[in-house]
Amino acid sequence: MSDRVQQYKLTVSNLSKSFKLHNRGGTRVHGFADIHLRLQCGELLALSGPSGAGKSSILKTIFRTYLADRGSVLFRRGDGSTVDLVSCKESQVLDLRKREIAFVTQFLKILPRISALDTVAHPLIEIGETEENAREQARNMLDRLGIRRELFELSPLTFSGGEQQRVNIARGIIAPKELILLDEPTASLDQKSSNVVLELLGDLKRRGIAMVAIFHDQKKIDLIADHAVTVTREEKQ
Amino acid sequence: MLLELHNISKIFGTGCPECLVLTGDDAERAICPRCHSVIAVNNVSLSLGGDEILGVVGESGSGKSTLLQIIYQDITATAGEIYFNGITERSGARTNILSLSPSRTSWIRNHEMSMIYQNPHLGLNFNFSAGGNIAEKILGSGEKRYATIRQQALHYFGKIEMPTSRIDDYPDTFSGGQQQRIQIAKALSSSPRLLLLDEPTTGLDVSVQARILDLTRALQYEMGFAMIVVSHDLGVINHLTDLTLVMKNGSLVEYGLTDQILEDPQHPYTQLLVSSKL
Amino acid sequence: MNENNVTFGFFDEDAKKEIRRAMLKAVALPGYIVPFASREMPIARGWGTGGLQITLSIITEEDTLKVIDQGCDGSVNAVNIRDFILQVTGADETTATPEATIIQTRHRVPEHPLIENQTLVYQVPYPEVLTTVEPDTARQKQMHANVDYAKLWVLLYEDTSQFGDSRISARYPVEVNGHFVMDPSPIPKYDIPRLSNNPALQLFGAGREKRIYAIPPYTEVAPLKFSDRDFAVEDFGGKRCQRCGASDVYLDEVHLDTGVSYFCSDTYYCDTQMETKDAAGTS
């Protein structure tokens, strides 16, 4: 390895976010301030901290669902170019989300008319996999995550929170993009399922996927994270 | 960029030099206090990529439908230009599609763009069968072989999940949701690069709405055209679109990614709109 | 003025000039409908005043006139029109198609091929081809201007999907010179192929509707049809004219007390066939 500094996949600098509520007389609500993160390919950065500290907001700001007040989110694309997600155009963000950056939400966004299996198979079909192969891989993933076979063809509408979240994670990682943001991936899961998820995240790391994930449990962080950042209400440690 | 709008305005009435300044978002009105003209669209600019889905949201009177009608050239803009990728002058320079001859304008409406209306009577000819309506669009794009026309009409009829046995039935024998689906088939049969939808599911039962939105999404994914969807329903916008434009009093007040508009709205009016969702 | 103190050709010169100018415009724009100020005629509207006005505007004393009604020189209307024209012009008359310089016709094209310098004048009841599919006149004009005949094509599609072919038999829409679509007047489909590349000048006059249009000589005229379907004309199934025995011409179906018979629609053609038969010694 040469001694030039290896480029980071994701570099977050001075990221700050607050919310101005115009319909509440212009009250300003603090989100987070001066966040710095750096991440290379194949690494997982864990965000932890008390409730309301802004962890989800940070992820959403990286994903551009939230607009930052100031700071930058530099992402190194697969072709080597760098883009600042804070200031780039919407078209570019859409392109990145389609091909390079994924967000696994805390709760599954249910499309009521689609089965669990199809929900998980869809990302593979999107990247050109045949329907048969996609469904086969989806079955394997759901098996691994402990979802009962009889639930595969049903809509997740009636699943438990934990089952929904497992479907959600399966969908988020089955056709992994280069950067994945995970909002509390193990929050609703029991110990067994949590471990499977951590295994899967480990697999992704080995494939060179970069991840930023919110965890509450220090044990999990110790197991999987390469970096850990604690977010407090005012500023990071 | 597939579509670019530059400073589009539409004034109903005599108009005066102060119309655009005295109305719009900041002025909180769409009627000019000087000349009493209605400024339905006030200086709107936007651009849209080839496979992007844009939602235009706003309340009644915001100008969103008028904007769509200007793009499709159902009505004439008072000011501004529109550029569409590939529509050029002979020199190769891009040309304002609002200044083209009627036959070139017809060509764009038949080949490049299609529109789906809230009222099926505007989008369908009730004197022709469902298949005839779709055939009209296919014929408009230049096809003159009967077998091909018939086959394509049946093909698109199947795509909208309607039984092909009903292709020769007349539009008034179908339900509202089915009429909308026939509109979709007709609109897509010319393989347009841009599909415009004006409140496509307003007034339909919720379950019917859902099916039509699912269908539209699936077809967009499969065929890869750009879409502009006008709706006052944030649920529709959320379900269908990647980008959202918020209009008030004819002005563009906010533009951004749909999830950003819905979860981190910046403009006071957008915040009000989002918080009003039942 | 002739001996009855009537202007030559019944019209004053200004009237003729206006009609001629309309005709020139029509010839310059094949298939395009030109409005004209249709004059008072001594026959009622709906009886051929349009064709009559055209003929009277172009005829001279040197012309030889033939008038037919559904192919027949001897029908009451044809006779009256012919007599009137001859009375106000002093032109010659004939029933022989090849000898005529001007042929005024109601709803048929003569069976004999026409030649250069002949003029065929059609009597037209309804000049606007789009009326069945678009009743709004403003929109009709726009459709013609944009060469937008989609609605006619959809009608063709509907008929084809329901019946296998167009339901239209007379007044079949034709595309002229690759541009305007026009109504060829109520001639049968059988006559449509004769319109194309005809050496004669074809003029169409609608007196009641006050419109003139034209097909210049040697102009491409094509019936509206799908490129993968044939244009089917009337088929007489091998029937022959009871008088002359011809089988390759348009026949009239006549119901007599003795039953159904067929006769040549074009009476002059039938006469020539009879002469040939007599000459050959058969009867």
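Letters A, B and C mark the chains as written, and numbering starts fresh at 1 in each.
As a working rule, a contact is a pair of C-beta atoms (placed from the backbone, for glycine too) under 8 Å apart; a residue touches a chain by one contact, two chains touch by 3 or more.
Computed from a predicted structure; not experimentally measured.
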Exercise for the section: Could you draw the chains as nodes, link the ones that touch, and say if you get a line, ring, star, complete or other? Expected result: line
Handout entry: Chain nearest the overall C-alpha centroid of the shown protein atoms
Key = B
Problem - Averaged-CA centre spacing for the pair chain B and chain A, given as whole angstrom - result: 34
Completion exercise
Taking each chain's mean CA coordinate, chain A and chain C are separated, in whole Å, by 78
Practice task
Find the geometric centre of each of chain B and chain C from their Cα atoms only, then give the gap between the two centres in Å, rounded to an integer.
Solution key: 48
Handout entry: Touching residues on chain B, where the partner in the complex is chain C
Key = 102-103, 106, 125, 128-129, 131-133, 135-136, 139-140, 144-150, 168
Exercise for the section: Spell out the part of chain B that touches chain A in their complex, as residue ranges. Expected result: 49, 52, 210, 214, 242-243, 255-257, 259-260, 263-264, 266-268, 271-272, 275
Exercise for the section: Going by the contact rule at the top, pick out the chain C residues touching chain B in the complex. Expected result: 142, 145-148, 150-151, 153-154, 157-158, 160-162, 226-229
Problem - Residue ranges of chain A touching chain B (in the complex, touch as defined) - result: 19-23, 60, 64-67, 90-91, 93-94, 112-113
